Structures are given as structure tokens and as C-alpha cells.
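One structure is given below, represented as C-alpha cells, and several questions about it will come after.
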Amino acid sequence: GRPLTVIAGPCQLESADHAQMIAGRMKEICDAAGAQYVFKASYDKANRTSLSGRRGLGMEAGLKILSDIRSGLGVPVLTDVHTAEQCAPAAQAVDILQIPAFLCRQTDLLLAAGETGAAINVKKGQFLAPWDMVNVVAKIESTGNDRILLTERGVSFGYNTLVADMRSLPIMARTGYPVVMDATHSVQQPGGQGGSSGGQREFAPVMARAAVAVGVAAVFIETHEAPDTAPSDGPNMIPLDRMDRLVETLMDFDRLAKADPIDL
Amino acid sequence: GRPLTVIAGPCQLESADHAQMIAGRMKEICDAAGAQYVFKASYDKANRTSLSGRRGLGMEAGLKILSDIRSGLGVPVLTDVHTAEQCAPAAQAVDILQIPAFLCRQTDLLLAAGETGAAINVKKGQFLAPWDMVNVVAKIESTGNDRILLTERGVSFGYNTLVADMRSLPIMARTGYPVVMDATHSVQQPGGQGGSSGGQREFAPVMARAAVAVGVAAVFIETHEAPDTAPSDGPNMIPLDRMDRLVETLMDFDRLAKADPIDL
Amino acid sequence: GRPLTVIAGPCQLESADHAQMIAGRMKEICDAAGAQYVFKASYDKANRTSLSGRRGLGMEAGLKILSDIRSGLGVPVLTDVHTAEQCAPAAQAVDILQIPAFLCRQTDLLLAAGETGAAINVKKGQFLAPWDMVNVVAKIESTGNDRILLTERGVSFGYNTLVADMRSLPIMARTGYPVVMDATHSVQQPGGQGGSSGGQREFAPVMARAAVAVGVAAVFIETHEAPDTAPSDGPNMIPLDRMDRLVETLMDFDRLAKADPIDL
Amino acid sequence: GRPLTVIAGPCQLESADHAQMIAGRMKEICDAAGAQYVFKASYDKANRTSLSGRRGLGMEAGLKILSDIRSGLGVPVLTDVHTAEQCAPAAQAVDILQIPAFLCRQTDLLLAAGETGAAINVKKGQFLAPWDMVNVVAKIESTGNDRILLTERGVSFGYNTLVADMRSLPIMARTGYPVVMDATHSVQQPGGQGGSSGGQREFAPVMARAAVAVGVAAVFIETHEAPDTAPSDGPNMIPLDRMDRLVETLMDFDRLAKADPIDL
């Protein structure tokens, strides 16, 4: 298999400079470690726990920043889309459209995303069994688009808690599409702080290592230079200054996993 | 408390005649039993398990049928909306806009629905704790709309299974808004038949009785004259010819529950 | 069906006088309401969360108290057993041997209990599906004993939380044996206070009402005159001075449920 | 950290020759790969799903076989105990007493095991949060025994299914005691075949790899030369002829993990 791809960035866009800073630093880290890098950020957080949560820069300003990162740094860019209408303009600006977990069964969104011809990363819903992603895949494939990625980001486990089921990775891989482990959202505690989600940042490297050892195409990691002041997902993001060591470690495990894949 | 309201109808609209037949029959049943009746049907099923699942009649034709039932039979009508754009036209045709469970945290949809001034029934997401509905409520209230209903429809319990937590009913009632028990979706088995959802129709009366005894404002029940051939949700719908006895029984339990409410 | 049986008492025996007081008061309440009454208390708490939790009076002293209540008040008595050796002596002193939930699959314990000829109440393990109780039943039946009761006391739902699945009641009833709803343990929060279990006492009447409306043979309720100072299970016990009103209400719901049983 | 220990053997003892064969082969495999080896087998299966499940050779015959393996092959031996009475004799024959998951909160069993002075491996209950193992540990420590191991073997996730939460490993490691990943029981499907438990053998290497990458002291793997005809746990055991390659791979991941431990 190909070396691990690292999809990383801040949860939401804060400014052009901030996005450039993180993208630039992550590109250096991934280049040094031999990882493919994809920049990730959201122009809108459409389903914040509460109304007072900051939503981002909006679509027009956000897509401009994302497009500039793509052309300026020469890295592929991923962003999430929330309605069918957003798919075509977003696909002009970025390489990979991401379907949020809550929306992974919304047929019109999946079809509109597929029809752009862009690569589509679908996050498996917190309510969905991994084998049910075949139905999601079929909706996208019906548009003639087979550039699909499937992401594990945790599944509901009681209230305000997720658990990452490692079986999900090989089960989704049976579709033939690359599988991504979302190491930071799978340690989220949805609604766990009342008006916002909590998280267990310290366990994100646990999830990343475990998944890379099992064998995945990519890891998805949200990062920020100061997670505790980030406008969203701070409790589960990994500090930027720890990303170099984490990526190096993951690449070590990835080499081993790719040399000796699990035979299911 | 006021007597129980019964929100009932087919999962999706099939034709004007079919909708009229079910609405007419349910009105007779509810009138006879002393229940308030609300007709429910969807003009579009936007998140079917698989692409081949039938989606319904579409918005324009569907809203016409719903509007005709409202004016013809004189019963309030409920339907679900899936995007912010659908809210205003749907609110012209029906009395209650319903937010589907997967979409219960989509801020723009909640705001657009709230702004119509129509009553809003929010289904609690399968991934959401009951106490987190306060954040959902606050999003709608921010539009100045306080005509809100909150529905329990089951929470994720392992894969392909839901469980209905009776504690959810009094917890959501602490918001001060009416609470609805969705007796047929809470016995759904999401994705449980591979390309479609399974269900355990036989347990829907169990959930309805339990919830009415605990004390709810309304029960939500999908019904069909021939569930096994219905285009969606057949496995969990209750046959129309059993609805009269079920509604009578529920009214008996409701009288008892309303006369002696649980003191939490 | 026969009127509801109420199995109630303190979680653990504290003294002969205390047990007599609670048994006496509960008998008055049940007599007044037309309910059959069974006294319940444990002589040993063999699986306290932590070592410092009080365990009770021990077997010899405890069985003496239980036997005296049986003969003195003329009420049937239930207590739990934890090893095969305890079954025979316990069966001399009480009418119903109870198998704790954690131990519901321990074959030797089930066989020893069955062989006493006493009635056996098995609590369904927090880890067990309701349909798997048929295997538990078969172990007891193999001893020639068919005086069996099956109790729902909640199932694991994430960490430190249980959920009571109302479907469990009719599913277990398919065995043909009486089904009991344990209203106070099903609102326990195992380990939820670090060194002891928490609980949500306020929801015990919710579970009891819901179950009685669905239709059960008995409810199991732990009660204490001062739950907050009880040596175990305080957080989920119902105060003794609220039991009269609760039992009356449950009998009202029971009459309705027994007159109109759910037809599965 | 020290190199990985492999705890492996058949689920239950079938005969002296069979046990010797598996222990001998596993010792060769572990010696070749540089792993410490511990032989595991049960002399009694005390909680089979159904009564017809084979229980093993019994205590006396079983302990003789285990003791002979210990002295003959010079490998440490582990077996599980089910009552307080079994602890002392078992501790004469084996090095490590194992507390079954269902029994992990039975105080008398934990104390009796601790008092033998043998090492104690406690399987975390399917109903227990990882942070609640501190209370279990304290019960054993109260006997003056601090030779404790803690094992993850999956936690209840809906009905008939377990999920292995990788966070459990570092959380239990905070106790300071070695943590074991039970790779074969964590893919068990309790009661999943009606009268016996099912399993997903193909995912056992997934769990083992993931856990070793996260960093554990040992993996626990049940193995058999012909799992499909084994008297218990066949569906989740790994065929003996695949163990050499699996152990080699795990040692590769272990070296990497021990050289670069996760800093929580």
C-alpha cells in the first residue's frame, strides 16, 4: 500500500494567515516524515452544539482561503459541505468534499457531491454500522464518481460518549475504497460540556496509532497552535507543536503495517 | 394536562386518495376515543438507507395533498422538512414542521423553521442525549418561536438497533415544551435489512403504552393499511385496522396518567 | 392476569427491628392497595463497588431475621444467594432465592438454587440480551424446578449508565414465566460516584409505571426510610414515605394493563 | 518497557496430550519471536451460555495437567478461578489466577485470590468502565498482594456484541499495573448463536495489533489446532498454525511501541 496520508488542519477557518501558517507547518512536517499531506478546514460549522458557538468565516471568504492554500502551497485541500447547493462551488476551490457524519445518509447531498467529480470523503454517522456504508457508497457511485474515501469518527456509546471500533476499519475497507481514521473526532464527547462538546485530546494519538497499525490509507487530525482557545473542537485537537513527533511515529507504524498487511 | 394527541399517518405520501383514506379513518378513530388528531406524512424521504428506496411524491405535489387534507378534513397536518429552503413553502401548507432526527443539530434548518412561525417538532437525534435538547430548543427560541415539540424516537444502542429510554421523556419535559413519543421509529432497526431498515412492529404498542403511562403530550405512530407493501418503514408501522383498539387503550392509560402525574 | 406483586425492602439488612419496620409498613401499604407483597433484603452484598462498602449482617444472622419476618408477618421473603453453598440454607429461611445479575450465567449457582425447590428470581445480567434468558431458564429447569421469575434491571449503555429496554419485558415473558421490573436498580449508575454507585431515584417511578403499563407480574423496588443514609444503593432507593402513593398508582395502572393485555 | 508477553492456549483443557501439544508449540513460537510465553487453559467453564456446553475436565484433573505443563515445559501457567475455595488449590498448580469478567466485582473471590500470593489477572467486566478497575485493584491490594494484571476483553455494545475501546488500555495503565489485551474474547458475540456465543475470529489480529501499537504488557489469545471443532469459543479462536506469523508481527509492533511510548 501507499504511505499514509495525513489530513490535518484547524477545525474551522479563522483567517487566511492562520490557515496558511498551519498548512505551511503541516506540509513541512509531512514532507520531512514522508507522508502525503492534505489540508483540512471548514468554512462553516453548520451543526454546532449551541447557537452561540462560532460558525466560521462563511462560504465565499472561506473558499477563497482554501483555494489560495491549494495553489500557493501546492497541497490538496479538503472541506465539508452541508447542502447540495454548496457542492459545485466548493468543488471549484478544493480537491476533496467531505460529507459530515450527521449528513451521511442525506441522498441529495451525496448525489450533488458525487456529481462534481471531486473526491468525496464520507464520515460514517455516529448512528451507522460500518457495513451500512455500502449503501452510502452506492449512492455516490450512482453519479459515476468512484473517488470515495470512508472515515471512522466514532460511534454512539451511551450518552455524550463515542467509541472507536477498530473492526470498522477492515469492514469499510471491504468496499475497496480508502479508509480514514479520524483520530480527533473519535475522542469527542458530544455535548459533554453542556453548551459545547468536550473531548479527550490525550487519547487522539491512541486512536491514530491503533488505526495505523491495523492499516489505513489516511489519518484525520485536527490541530491548532492553541487548542484551548480555538473556536471549536478545542478539547479534542492536538497542539501543533506536537504534530511533528506524532506524524513521525505514525509513519513508523505505517511502514510496518503496509509491509505486513492484515489478511482478513 | 390536556388529553393525548395522536400524530399518525403513512410514512410517506403515496397518492391523494391514499392520504385522504388514512387521514379520514384516523380522524374517526381519534374522535371516537376523545384524542386530538394530527395527520402526518412525508412528501420526500431524503435519507433512505439505499438509493433504490422510494422517496415520495416530491414537494409540490406533496404539499398540495397535505394542504387539501388540512382544509378538507379540518385536522392539523405535520410534515418534515430537510433544507432551510423548504421551510417557508411547507409552512404554508401544514401546521407543524418536523425536523428529522439526523438533522436536529443543523442550525440553519432550525432557524429557518423557527422563522416561519409554524409549530416545530424536533426529533431527538439517535446520537443525542435528552438533556442536550436544551441547545436545540434555544436555537429555535432565538427566532422568537416558542411553539416547539420534542420527540423521542430511540437512541443508538450498538449497531442496527435503537433503544427507547423512558427517562428521556421527563428529562425533555423539563424544557417546558410538550414531549412526543414516536412509538414506531423507536422500534426501527436502522439498516437492519441490508438495503433497508428493519423493525419490530410488535413492540410499537409496548413503547406507546409505556410512554403514555409515564405521561406525554402526544404519541407519534406511523400506520398503513398494508404495512408489508408500504414503500418505506413497513417493518415498524402498525396496521390501520388495529389503530382503533390501540388508540382507545392509550386514551385509558392517558386519563390515568394525566390524573396522577409523576412528580419528579 | 393476577394483580401486581410488589417486591420491596431495604437493599441490605441493617437490624431485625429495621427489617420488621419496613416489612410491616410495606405489608400495610400493599394490603390497602390490593397488591401481593414480598419482602426483600440481602444478608450480604457480595459485589460492592469498593471494599469499604458495607456488606451486611452476614448469612446466619441475616437468615434468622428473614425467617422471622416470614413467620411473624406471614409474608413471602426473597433474598439473594452468591454461591452454590448458600442455596440450601437460604432456601430454609426464605421463599424466593434471587440470582444476582452479575452471576446469572454461573451454572453451578443456578443448578444449586434450582435443586432447593424454592422459587428462583433471576436478574438478567447487565450484559445479556433478553432472548438469551432462555438459556438461563433451561439451566434451572434441568433441576426439575419450574418456579422461575425473570427480572429486568437495566442493560449496559456506555460507561456508568444503564438503560431499561421495555422490549425486554414481553421478550422474557415469551418463556412463560412471570416477569419482574426492577425499578430501582435500572436507574442505578454503576460506579458513577467513583467508590460507589450513583443513581437517579427520581426516575424509578418512571420505570415502574412504564413497566406496569406494558404488563408485568411484579415490580421490585428498594425502599428505605432515609435513603441518603442507607448503607448501599441509597441514590436509587425510594423513600418509604412515598411508597403508599406509588403502590396505589401502580395498582391503578396494573388493573388497566391486566384488563387489556398487549397482544404481541 | 519489557518485551510483549503472549498469554495463549486453548479455551478449555481437553486432555494432557492436547494441552502439552499446544503449550509446546506456542513456546517454540514465542521463543523464536523473542516473546515471553504464558500457557492459558481453563479446567472448568463455569458460565457457558447453555447447559449443554462442555465444561472441561474438572478441577483436580485439570490442575494436574496445568502443573505438569509448568514443570515439564518450564513456562508460567494461568488458569481461571470461580469461587473463593478454588483459589488456594489453583495457586498451588499455576502461577497466575485469573478472575473471570463476570466475577470481577465479587469481593470474596478477589480477596481469596489475593491472599494466595499468586499473581492475579482480572478481566474487566463487560459492564465496567475502565476507570472503575481502581476499586477492583484496591480489593486485591488490601490482601497485601500487588502482583496484579488488568485485562480488556471488550465492553457491552448493544445486545450480543462487544466493542474493544482502545482508551481502556491507557486508562487502566494509570493504576501502575500491567495491562493485557484479550484479543479473542473482545471479538466474541455473547449468546450470538442462540445456545452458544459467536465470534469474529478474523478481527482478533486487528485487536491485537491495535493494542500492541498503543502499548500493552501482554496479549491474551485463545488458540486451537481446529477451532471449529473446539468445545468452546471456537468462533473467536485463532488457528494454531497462524500463531507463528501473528506473534512475529506483534513483536515487530511491540518493539516500535516500546521504543516510543505514548506520552499521555
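As written, the chains take the letters A, B, C and D, and residue 1 is the first residue of each chain.
Everything below uses one rule, namely that a contact is a pair of C-beta atoms (placed from the backbone, for glycine too) under 8 Å apart; a residue touches a chain by one contact, two chains touch by 3 or more.
Predicted, not measured: the structure shown is a model, and the values here were computed from it.
Note on connectivity: the fewest chain-to-chain touch steps from chain B to chain D number 1.
Over half of the residue numbers at the interface between copies chain C and chain D are found on both sides, making the touching surfaces mostly the same.
Between the Cα centres of chain C and chain D there is a gap of 33 Å.
Separation between the centroids of chain B and chain C, computed from CA atoms only, is 36 Å. Per-chain Cα centroids separate chain A from chain C by 48 Å. Multi-chain contact residues of chain B, defined as those touching 2 or more other chains: 157, 159.
Interface residues of chain B facing chain C in the complex, by the touch rule stated above, are 157, 163-167, 169-170, 187, 200, 202-203, 205-207, 209-214, 249, 252-253, 256-257, 260, 262, 264.
Put simply, chain C touches chain D in their complex at residues 46-51, 55, 82-84, 102-103, 105-108, 125-132, 135, 138-139, 142, 155-156, 159-160, 190-191, 195.
On the side of chain C, the complex with chain A involves touching residues 157-159, 161.
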